[in-house]
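Next up, some structures in structure tokens.
The two complexes that follow have chain A in common; it is paired with chain B in the first and with chain C in the second.
Then we have the complex of A and B:
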């Protein structure tokens, strides 16, 4: 087992290295923040621009491979370099990961929990009205892209607030910096409502569909019948034996979603103006910020591979068949 | 014979029926609708900027006076074409790569699956986002199609490969081998046709996936480039001032959702008809 894990780790490290290197070379060979300096008023001398860009390892006059070598030397010791205007990429990344975590943790957990509960419920009530209602609703929601959903939510809230004459639900930003203490905490929660809904609706729909199918497969299997025959109440048999086995596929998806959540909310972050990792990718591409682009990509690749690892572990923990063998 | 059975099952399937009717109507609207509209999509009406829907401009006008009805349908045409092409290319690629890897095994399998793993790890969003705005010349949207397709076939090819592994041992495939038929011919004549139900379902769902993917990238300006329009670029423009001028957002977004919904309905119905055992 240890050998297998080590081998997987080694392969994952190689894959991350390849993905990040390719991203860096692609970004470095096509984008340059030079324009942002040259366009300034009053004009900046070219030698000054060159010197600044050299200091940040962003000069497009230096060969790509040479810049790449400098970048690798930094990354190996954990330094992702400088942003286009000289800030530290590491600081920026640390800040943005926390923003994304605050935004996404609740939404991801809520999406999974509610989705699984709805799916299990609708499997138990198969072909009843509630099952059909859940099915149709989740089918429709899955056809609505998140940027449409988020915009609809924002419009709805805007009109609601205007109708009420005061701001009941906030629809942009993370918090109001003028408040402090308890008020600020409540304000943060208020700002979370809309992005959380827009994030979790899609995953609720997705999980409920998977969970329903899995639950149906399990419901009429022997071990559930045995559990009930042994005198276990139906509810307990369903939850302890059926739901647990049927959780495995949803749980693997969840582990994956949990790992990729940091970079997965680009649209929600952009539309509701949260400055997290997802928004950073788009912003840094638009700002020709090579080092930031490479850092986001590196982070995303690490997340994906960690997520697949996590999902394997979770399956082993949930599935008795995997544990025995 | 089987085609007949599947077709009959498909007709009996309510989802597929409604989905197909909706899709035919939507495609009809996109391609025939513009001939009935009073304006061309390139025309600018300098007397009506941002005017609401009315008898002259049925779906209102944009901030530069373009007729929303004409522009939206034009964007929808592009979205439909992109969806179809991406689905065809990516499913085709998945079938070929998966079948070759599974059938030949050995180093061909290893190399191909390494490529699949690598493409899965590569930051597809980043690559498309960097490359596609730089392709501003004439047929840039075709490049965009190629890019979208290049990053959407990998998971299916894994499935195809594992199914090929079992098909490879079937008697009719072995018989073909002993008759001296070249390997690549066996793949196209015996392996791929036997995967058709999987591939048809996959292609259908890829259409809606690609339409959403195009719209998502265009939303950030990384997809279809101006002066071309697609539903994604229109939604992006409309969502910026959706509160004041809802018609800029409502028509493209509504049509996008309707399009995706109808394709998904067909895909679901197809799955029921082609693969009655599955319930996923």
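Then we have the complex of A and C:
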């Protein structure tokens, strides 16, 4: 097992290196951080710009491969370089990963849990009114792009707050920096409500459809009948034997969603003004910030591979049939 | 007093489909009631209705009383206290009947804890005891295994252990051994008898296998089209059937102790529960039908002595003492011209010489590496002469199917030779291989899966003709349909409009389209009901004689083989254990495996089953990836167990090859200590004499 894991790790390192290198070379050869310094009033001397860009390893006059070599030397020791205006990419990334984690963790877990529960319920009630209702709602939600949904939620809350005359639900930012202690914690939770809803609605809809199908496959299986023939009440047989078995395929989806959640919520972060990883990707592309783009891509590649690894572990944990004997 | 009393039970599914139409029976303590019937006769639905486990859209009426307490009107939370405690059920397919993600021990312990207030540890210990009771070796260790790590027979034992966990009063067994090989079936039936002795429970045994019922049941209920048509003591049903359906059923089963010659088929097919004929549902297939049969469905009337028969002519049958052979016309099959020539002078159509097929055993999900070899077929030799049927028999995993595939591939085997019609498969080029395929055709096991559901039957049969560039397809299709007993207008229909037996006839017609010389039959009748099976077997026999065909016939049912084959080769773990003419092998088997196999087959004869001496094999088939040294059968061999230490050495060290037995021309066995004995009819009494 240890040998297998090591080999797996080695492959993943190679894959991450390829993904990040391609992203760096693409960004470095098409983006021009120089633009941010040119055309300033008063104009900055070209030699000064060159010197600044050289210091940040962003000078387009240096050949791409040479810049790439410098970048690699940094990355190998864990230094992702400088942003276009000299900040540390490492610091920025560390801060933003935490922001994304705080924003997305609850939404992702909630989306999975509620989605699976609704899907299983819907399968048990197949073709009943509740099943059809859940089905139609899921498809409606899945058909609405997340930026429309998030914007609608924000507008609705704005109107609600205005109607009430005070701010019941926050709809922008992460927290109110003027508060402290317990108040700040509650304020943070309040700020989480809307983004969490906007994030989890989509995944609830998605998981409920998947879980419904998985559950339907399992419901007619003989082992559910055996469980009931043993004397288990129907509900218990369904949860313990049917749902437990039907969870295995959904776990794969969940592992991937969990791994990619950090960079997957660009719209939600932008609309609710949270400065996380997703928002950073868009911001850094707009700012021609080569090193930041490369860092985000690097991080995303790591996440995807970690997710695939996580999904294998999860499936092995849930399904004794795939465990290596 | 009866444990279970079922009265006028009916089950209706949405769309007015009456799956069960008035079933009544009683089961007493310690009694075994056998329920027989073909697929769709409503026997499984009846038992699920008793358990209250039917889908919720089914409507159940009538009465089911357990110890006098009505179950049908019982609330769900009361019913769960009965299920698994007073009534337990054993299902057909033990792989799908266990939840794949929990260990066997946990699942049995769960059954204990549902009904008994015991701690987790106590329940786990009880599970190990139960596994021990049903004869699972190393029960403490095996309790921690998952269902997929058990073999089929072991799973069914575990299923029985789970069913008796709470000492039930009634066990319902729904086709408990249908998915198992005969030697394993014999073991499991033995375990069931043990379980019954331990619990004193009544058993309802549902099966289509009249042999199993003959050995197990005290009373029998025969079902047809959702209704019981005959009920009585097992001897009465088997020796004095009074309903034409029962008579036909008993006459149509091939018997391993039977005579050669045509079987007695029942014409037609069982009616669909959605479209029952007026009057007696069996009337359209009944040779004794009179006009009155169509007027009204005959009720199940008492006949005295606990017998009930639903037939208006039952008294007449009783009076005249008719049997199935009197009632059902015995078909006449013209004899073959080819067999008049002695076998040695006939041409050889297929010859295998030391053929091998090994598969690499791979491991790993991303990087596959070879960790061993599966010795699927490990050097087998036999030949098939013109106009002859050679049957390849053996349990699942013995290499029968691999052998077929290797022959059909018409390529050079890994070792040894395959010679088809005098041509060595190693020396064929592409065009020679294609033209040889016309002479070598196959009929598959599952007639539904083998026919393209989106192609009309005419196109299916014409396809091989077109593939080989024949232009006269249309006329030939008509001829072929007639040949297999279908009508020419059937060419326009699709496979799903036919019954299983008719579909197999279509498969045979397709195989015959190119007028092959050798037909390979891969379990051609094992997916069919007995009454249908007889017709297909007769058809195959007739075609062979009329067209001068040769058959290579693969089967696990030794009774069917006895009827259809001239010679038989018994395979075990990729090797041939015994080979010879059917008479020699069946009447005086010399290899201990053949002896065990033949003695494990249940006979549809209660008297013989009661006195029969069985050779029970220990354990399961070893893995073909790791066969035992020397003789592959020695780990399970009853003879090996009786040998002295010095004699055993030979079995351990030296692999036996097929050696001709001294006194007869065509009989050989691969055993160092071969000894011919009679096993099929062997009884305890004979042993004493």
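Definition applied: the second predicted complex is superposed on the first by the 319 of 325 C-alpha atoms of A that agree within 3 Å, B and C clash if a C-alpha of one lies under 4 Å from a C-alpha of the other, contacts with A are read in each partner's own complex, and residues count from 1 in each chain.
Quick note on the criterion: a residue touches a chain if its C-beta (ideal position, glycine included) is under 8 Å from a C-beta of that chain, and two chains touch if they have at least 3 such contacts.
Bear in mind the structure is a predicted one, so any value in this text is a computation, not a measurement.
In the three-chain model built by superposing on chain A, chain B and chain C fit together without any clash.
Contact with neither chain B nor chain C is seen for A:70 once the two complexes are overlaid on the shared chain.
By the document's definition of touching, of the two partners only chain C reaches A:226; chain B does not. Put simply, the three-chain overlay gives an angle of 70° at chain A, taking C-alpha centres for chain B and chain C and rounding to the nearest 10. Touch criterion not met for A:126: it reaches neither chain B nor chain C.
Look at A:213: by the touch rule set out above, it reaches chain B but stays clear of chain C.
Using the contact criterion defined above for the overlaid structures, shared-chain residue A:142 touches chain B, although it does not reach chain C. Judged by the touch definition given at the top, the superposed model places A:23 against chain B, while chain C stays out of reach. For chain A, the partner that touches more of its residues is B, with chain B and chain C as the two candidates. By the touch criterion defined above, A:151 lies against chain B but remains apart from chain C after alignment on the C-alpha atoms of chain A. Looking at the shared chain after the overlay, A:180 reaches neither chain B nor chain C.
Between chain B and chain C, the minimal CA-CA distance in the chain A superposition rounds to 7 Å.
According to the touch criterion, chain A has no shared surface contacted by chain B in one complex and chain C in the other.
The touching residues of chain A, counted against chain C in their complex, run 4, 7-8, 11, 221-223, 225-234, 241, 244-245, 248, 318-321, 324.
By the touch criterion given at the top, residues 51, 53, 76-77, 80-85, 88-89, 91, 93, 96-103, 110-111, 114-115, 146, 148, 162, 166, 363-364, 366-367 of chain C touch chain A in their complex. Contact residues on chain B toward chain A in their complex (touch as defined above): 117-118, 121-123, 125-127, 129-131, 134, 208, 212, 215-216, 219-220, 222, 235-236, 239, 242-243, 246, 249, 253, 256-257, 260-261, 264-265, 268, 279-280.
Chain A contributes residues 15-16, 18-19, 22-23, 26-27, 30-31, 139-140, 142-145, 147-148, 151-152, 154-155, 158-159, 210, 213, 216-217, 266-267, 270-271, 281-282, 285, 293, 296-297, 300-301, 304-305 to its touches with chain B in the complex.
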